[in-house]
Amino acid sequence: MVPLSAYLAVAACLFSIGIVGLFLNRKNVLIILMCIELILLSVNINLAAFSHFLQDISGQIFIFFVLTVAASEVAVGLAILVAYYRNRRSINVDDINTLQG
Amino acid sequence: MMELNNVLGFPILTWSIFLPTLGAIIIWLFVRGESAVRWTALAVSVLTFLLTLLLWIYFDNGTAHMQFEEFHPWITAFNVNYRLGVDGISMPFILLTSLLTVVCIVSAWDCIKTRVKEYMLAFLILETTLIGVFAALDGILFYFFWEAMLIPMFLIIGVWGGKNRVYATIKFFLYTLGGSVLMLVALLAMYFKAGHTFDLQALMAYPFNFEWQFWIWIGFFIAFAVKVPMWPLHTWLPDAHTEAPTAGSVILAGILLKMGAYGFLRFSLPICPDASQYFVPLMVVLSLIAVVYISLVAMMQSDMKRLIAYSSIAHMGFVTLGTFMFTQQALEGAIFGMISHGFVAAALFLCVGVLYDRMHTREIGAYGGVVNVMPKFAAVMMLFCMANVALPGASAFIAEIMVLAGTFSADQLYEMVISSKWVAVAAATSVVLSACYTLWMYKRVVFGDLVKPEVKAMPDMSWRELGFFAPLMVLVLWLGLYPMPVLNVIHVSVANLVEQATSTKLHAAHALAQAEMLQQTVLR
Amino acid sequence: MNPVNINMPVIAPLIPEMFVAVMAMVILIGDLFLAKEHKVWSGYLAILTCVVAGFLTFSMSPSHAVTAFYGLFVLDPFASYAKLLIYAGTALAIILSLDYIKDEFGVGEYYSLMLFGMLGMMIIVSSPNFVTMYLGLELMALCTYVLVGFQRDVLRSSEAALKYFILGSLATGILLYGISFLYGVTGSFDFASVGAGIAHSGSSGRLAVLLGMVLVIAGLAFKVSIAPFHMWTPDAYEGAPTPVTAYMSVAPKVAGLVILIRVLVDVMPSLHVEYVTIFTWLAVLTMAVGNLAAIAQRNIKRMLAYSTIGHVGFVMLGIIAGNADGYAGVLVYMTIYLFMNMGAFAVIVLMRRDGIQGELLDDFAGLSKVHPGYALAMGLYLFSLAGIPFLGGFWGKYVVFMAAIETGHLYLAITALLFSVVGAFYYIRVVKYIYFDDTRVEFNFVENRLMQATVAVTAIAVVGLGLYPGPLINICKAALGGII
Amino acid sequence: MLNSTELLAIPALPLIASLVVGLFGWALKEKLSHTITSASVILSALLSAHVFTQVLGGASFYGNFWTWMLSDTFVVPVGMMIDQLTVIMMLTVTVVSSCVHIYTIGYMHGDPGYSRFFSYISGFTFSMLVLVMGNNFFTLFFGWEAVGLVSYLLIGFWFKRESANFAAMKAFIVNRVGDFGFLVGVLAIWYYFGSFDYRDVFAQVPALVAQGDSLHFLGWEMSAITFICLSLFVGAMGKSGQVPLHVWLPDSMEGPTPISALIHAATMVTAGVFMVARCSPMFEYSETALAAVVFVGAVTAWMCATIGLVQTDIKRVIAYSTCSQLGYMFVACGVSAYSAAIFHLMTHAYFKALLFLAAGSVIHAVMAEQDLRKMGQLRKAMPVTYITMLIAALALSGVPPFAGFWSKDLIIEAVGAREMGLVGDFAYFAVLSAVFMTAFYTFRMFFLTFHNSDRVAAKTKPHVHESPKVITIPLMILAVGALLTGAWGVMGLDIANPEIANGYFGSSLFVLDAHNPLMTLAEEGEHGWYHFVFTAPFWLAISGIGLAYAMYFRETDMPAKLAAASKPVYTFILNKWYWDELYAKTVMYPAQGLGRWLWQKGDLAMIDKGLIHGGIVGGVLAGMNRMRAMQTGYVYHYAFAMIIGVFATLTYLVLKG
Amino acid sequence: MLELGFFYMFAGLAVISALAVVLSRNSVHAVMSLILCFFNAAGLFFLLDAEFIGIILILVYVGAVMVLFMFVVMLLEVNFVSVREGMLKYLPVGGVIALILFAEIVAAASSGVFSPDGIPDPGHVAQQLNNTVEIGKMLYTKYLLGFEIAAIVLLVALVGAIVLTLRVRTDVRYQNISKQVNVNPADRMHKVKM
């Protein structure tokens, strides 16, 4: 049988990859958005694993909400990105620095 | 509810504190036109002064208890109360404040031409906070007024000040704010230690052990030392004085500096007597530095206001010295010295103001031979210079001699590292040093032949100017020749303070700690 | 499992929420039918919504905790009080928007988003459960993302939104990851059960609990701009339209702090020692960042952003104290902060120089000579922010410092006080521009009665609370009855 | 008991006159100004004379009028004590002052500060009277400082002159140095006796001496009474121009001549002597203090005499003479011949005032020229001045039967009679040699002025004339004093009586029998009226006059030769022993330098720049820049910061366990 | 055993594809990798008896969200420079911190409570139950409020996306007053060196 910690470890991997991708990526904002999706996915895996091992359905409900909200976030995030692109003509992460100091 | 000792039957202190604010609001809302504003402000300040005179008249010299007490719950959640009252130590300062405010308002009559209304408002509100400081008997209420004072003063220096005013006023603001935050910590710490109270009298009575006293004392010390100011926390003062408008300097030297020394009298000595005694050497050294070091520095100033500012620091050194000698004479001398310095320094700044109004420079070198065109002014300034030198007959002499006498005899009271006699001898060098810087300045400004064309064109003092000097002259001489009315007021309170400052709280603290320990073991 | 009986849930405590949701949608739809010049009525309606919601909440405010929706919602005095603050913050922000936003695309959506955001905050402060909390946070966050980027043709607006969005999403991820671990340890999302579960988790679960705690705290810390999770704040504040900045600077902070307190009190009481240690360091860092970086700013919005961070640092003292006095201090502080900060933003919005909305400190030069009234008000707000007595800000600091000292955090209190002195510098520097400098370019102020009234009311409130803060403190203490 | 109203009137009259003229002088005519002040001072002189006769009849007064200061045991009343010592001072002060008032009417005529001047000198008279009449140390100190103030104002009377302003300031500050000592002494008195009152204090002295209290400072120990006396004596040194605090007195000649006569010769500068005499019950118990008094007095008497030898300014010659003569008085005090000191004080007041006023008359005649080298042959033009000045010169030189002889001789004999070891021997040598020098410089001045060759500037010459009556009459009055007071003092008042208690001074002075020089003198045997012929001072004086006659009357080229021959010594003396330069180098410049250094390096560099700007503000700015630099604007940095935050807190907790 | 095999397959592919998302040069590839990752995650969900969620993940995420991503990628027509550029510079510090953090999380994940002793493996007991029904029951009772809020969140997302991206008319010139009002004074005038 697959132990709980194995699932958690997978989730930890995805979480870490997401995080590393977030701050190591300097060129493309889209990748950053995808990294966030990875992080949320890792959360979902965690929740699903716990839900299963604890035999508690509320974990899955939570996943449901996370998915819903994540989808909304993506919509808004991409909209912001598009608006930004229209102003700046770039989605290069290095270019997003007019506000600083 | 305790019995309130108030012979007048109406809240006179509240009225004294808030009448200026009331006046300020009235001026703000209803008074239009510069002239009307000036007259209204004058009327308000005079009215306040007359009101505070009642304090003097109905004051009972025979008791050290607080008088004209008032009590209202303010912030019940923290047991912060609106508790007012005066004793012989604080009452004279209230009168000093209300009188100097009148002088300030008159002195600004013609020379403040921009934003007259705001100026008067600032001064009236300042008066409120200053009287509040001296009347407050609740730690937080005291702090409240103490800090609130910063706002009007900041604006007074910053808006109506000289060229470098921004630097000076920000320096002033941050110095004093930075100094006083530790006082707040000390107050709050005491609150919890002493059973949830800010009542000054309760705090005075509470037996703090030495460690507590030590830290509380330091917290207060920094706040008060900045305000006094004591070396090395004094450098804001010359800047602030130099840049402030005349009346700002007057109130700064006349009242604000006194708040620090008053704080020592009201908080440090009675609440932390053991720590105060412990820190006597420190205070002595700092006071002597103020007397000698600062006097030498004052001598070399080329800016009149800066010179007088340094001289103020030196004189306040005398006050702090007297404060920490715990003898009746020294303490009375310190209090009297503050009152006297309130008049003398104020008058000297007004003198500089009179010159400044005519030539718009404070450089000593720009003047010379002023006596030829302004004999009346020269006479007036001579009087105050001599008072600054503490010549007998001027109020400053009384203060100086009493501090010296008290200091000289302090070693009868307790052991010191070096005999207090030699401290007094060192402090007495002020007799020479103050003469050096004051007379040198006077000589360079007033005496000499008329060579500078700008000086030739200066008109002598107007009646208005003489008018605001007159009360100061009268007071300086009156208090110099017959200081008993003031001394009588402070005798009993100072005796009580001496009693508090020279006793120890350690036995009581020890007993309390024992009792608490016992209680805990019983509970366990 | 048997088929469940679907009972009608208790919904009465949610009447304000439902009202706000409905009104937000009404505005969203109704706006379409308004002519461009009448779109301001959407704003009025939104303000009315806040006011009515305020009345509703006030009239319903319970003396003890009432749960609803099967325990997914709680209404207690704490939440009620926080909601009132949130309404006030939102209403004031809407007032500031009336003139500012009138020429933008999507006025109706703007107000509706503000109300939705407010709804999110209302849900946050009433959540006894991670699910509700998460959804409330997201509702609020999505609205603010959009609002920040609302001026879609302005680069800095979109950039701010983008940064805010990315970091916000990251924070959400971190928060969720933490929640998942807490769920794993305790098997529940309910605060009380999680708290009980943590308390009984024992040493074998300690690492997981700590991880969950740190991540949850980090996620919430992001919302209230605790360093080092504050980095979005200055950029978002500067880039956002000014009324949105005002909106973001108070109401979400209230919501965030309230939920932070709830989480700490309900979920992590057994981890008190640990989180106090963390918060102590974070508080010092936050105060340092806020107060030091603010000195360097030339843009007042950015300066106020750092100022917010600094104030959050001070407020954290109340949280660190961790007793009723401390939490009450947080409420007192935020109440007073609401008035002074919104007032300051109102003046900023009112001020226009040469047709340009003034944002730089230089733009304030000589304000006192042109408009003494605004100058006085601004001076009062700034001195109040600096914490000088007879103004409300002093009492805000006072209560939290007092709580900190009461609980033995003396050095922290001293540090905080020293930072407050540093902080005073940049506030009085603005006063310097207003009062000491000469005017250079002509002002042409925005003429808007409601905004002027806002300035007046907030100024009076700042002074009034400064002179007589007793009732406020008592109310805030009473509001804590429900949770401690 | 004396009538207290009358006593109060004596100082009050000049005070009122001074205030009236001072405050309303601008409205008063010259005539009214001088009438009011002169009348009041003359009236006060008459009252003093009346009191004097009453005191001679055995009356005295002691009483307080009001409490000046009070704090617990610190009680300072304002009161009077009238006894023989006081009354003789009162008389001297008021009489000389009256003369000066009258003289001034002529001398200051037409000066723009006319009424101001009268106000000042009346005020001075008041202050001096307070000084001498007070019954405690603070009343004394009040007068003490008030005369100092008036002196300051009068030296700087011609405020347009830079030198006058400087001299005034110098006078005040040097006096303050003395006051510092006096103040310390007074504090010590209060500390040990718990009172400022003469009677209380003096009554307790023996007890204190018996108790043997001593002070320690840096390993240096002295008895309390010595400390008190030395401190008080420092005050006296300042006021009475004793070395090394004498530097102000010659410079004070910048003031108008009448005040040189009144303040800087006759009255104020003798206040120190008066004070020491008044405190004789204390000084008597401190051998150290007495020795110090003798030593300082002797040094001053001798040194200032040498400087007087070569001065070319007529007033400066007299000024140095004043210093020198004050030295005599202190020597007398030091050898416990207080009565001789006061006696010399009195005679000196008359003849020195006369000398000054006569000099003033001369200066007036030669259009404000003070240089002796530009005078000469004025005898014919100014006969009255000539005669009166001759009387004064003879009195100063100590030629019998003029006043100075009687008092000076008594002092010298007393010094000789008192055994004080090395100090006493030095003092005896000093006072003796100074007699010779005194006679020489006095007559040098006299001859250069009235005889010798006519060196008056051509344009002044037509102006030279005898002064008006209003000037000459006071000269004549004082001449009478210079002639008669000596004999009157010895014969009429019995001042030289060794049994002090039985002499004029009665109990107002106190001498321990153990060292009463007059007693020793008396024991050595009676002297006849002719005994002066056998004493050294007389012959020294005569030879001094003779030398002056030789050098400045006959062989008028001799002085130049002599000066050239002894160039180094001459220059040294001519430059007043370089005291001013010494003070400038050792005190003034270092103090200024120190002040500037403390200001620039201490206040500005260390505290402001270093501590505040560098330390605190610098730290804040560095922190600010760091915080600012962290806010790079890059999203990945922001995210990284958050991760670090999580990482750090988590790691911290994990490591902490 | 089969389950374990599937687990390793899904888990391994998920991690690899996640790495590919981060490391890919091309955004399109990244999106494709992410889709693969989601598929594998869905597989893990199935292993955990969460069929409904697994299906939803594929339907909603792969079917809608990823398409949206792809749409935007195409829309923005970004010329793709190397994403990895500059990454190496920050890798040491960032990598170390991420590694430690990862180690801590894994340590927490494998701590006692999550071991079979702490939470015994329930097996697939729930398979008899209808996962979707269970979720439905919970969702419409206890979590009804959450459901309502989620609905509002979606509405907000909808409104927000429209507000931010809807263009009125791009082919005509029009005055943008807010832009004028909000222009930073510093941007208004540029000093040009001549």
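We just call them A, B, C, D and E in the order they show up, numbering each chain from 1.
Here, a contact is a pair of C-beta atoms (placed from the backbone, for glycine too) under 8 Å apart; a residue touches a chain by one contact, two chains touch by 3 or more.
This one's a predicted model, so the numbers in the text were calculated from it and none came from an experiment.
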Q. Shared touching chains for chain D and chain E?
A. A, C
Q) Using C-alpha centroids, which chain lies at the maximum separation from chain D? A) E
Q: Would you mind telling me which chain pair, A-C or A-D, is linked by more contacting C-beta pairs?
A: A-C
Q. Hey, which chain is the most central one here, using CA centres?
A. B
Q. Roughly how many whole angstrom separate the Cα centroids of chain B and chain C?
A. 43
Q) How many angstrom between the C-alpha centroids of chain E and chain A? A) 4
Q) Between chain C and chain E, what is the gap in Å from one C-alpha centre to the other? A) 28
**Q.** Centre-of-Cα separation between chain B and chain A, whole angstrom
**A.** 64
Q: Provide the list of chain E residues touching at least two other chains, using ranges where the numbers run on.
A: 90, 94, 98, 101, 104-105, 109, 114-115, 134, 142-143, 146, 150, 153, 156-157, 160, 162, 164-165
(Q) Among all residues of chain D, which ones touch two or more of the remaining chains? (A) 628, 631, 633, 635-637, 639-640, 643-644, 646, 650, 654
Q) Between which chains does touch occur? A) A-C, A-D, A-E, B-C, B-D, C-D, C-E, D-E
Q) Any idea which chain E residues touch chain D in the complex? A) 90, 94, 97-98, 100-101, 104
**Q.** chain B - residues contacting chain C, complex
**A.** 73-78, 115, 118, 129, 140, 143-148, 150-151, 154-155, 158-159, 165-166, 169-170, 173-174, 177-178, 181-182, 184-185, 188-189, 191-192
Q. What does chain C use to touch chain E in their complex?
A. 1, 4, 6, 9, 14, 21, 25, 28, 68-73, 101, 103-106, 109-110, 112-113, 116, 119, 123, 131-132, 135-136, 138-139, 142-143, 145-146, 149-154, 161, 181, 184-185, 201-208, 210-211, 241, 352-357, 359-360, 363
Q.
Quick check on the complex: what are the chain D residues that touch chain E?
A. 636, 640, 643-644, 646-647, 650-651, 654
Q. Inside the complex, what are the residues of chain B that reach chain D?
A. 232, 234-235, 238, 293, 296-301, 328-329, 332-333, 369, 371-372, 382, 386, 389, 391-393, 398, 401-402, 404-406, 408-409, 412, 419, 421-422, 424-425, 428-429, 431-432, 435-436, 439-440, 443, 446-450, 481-484, 487, 491, 494-495
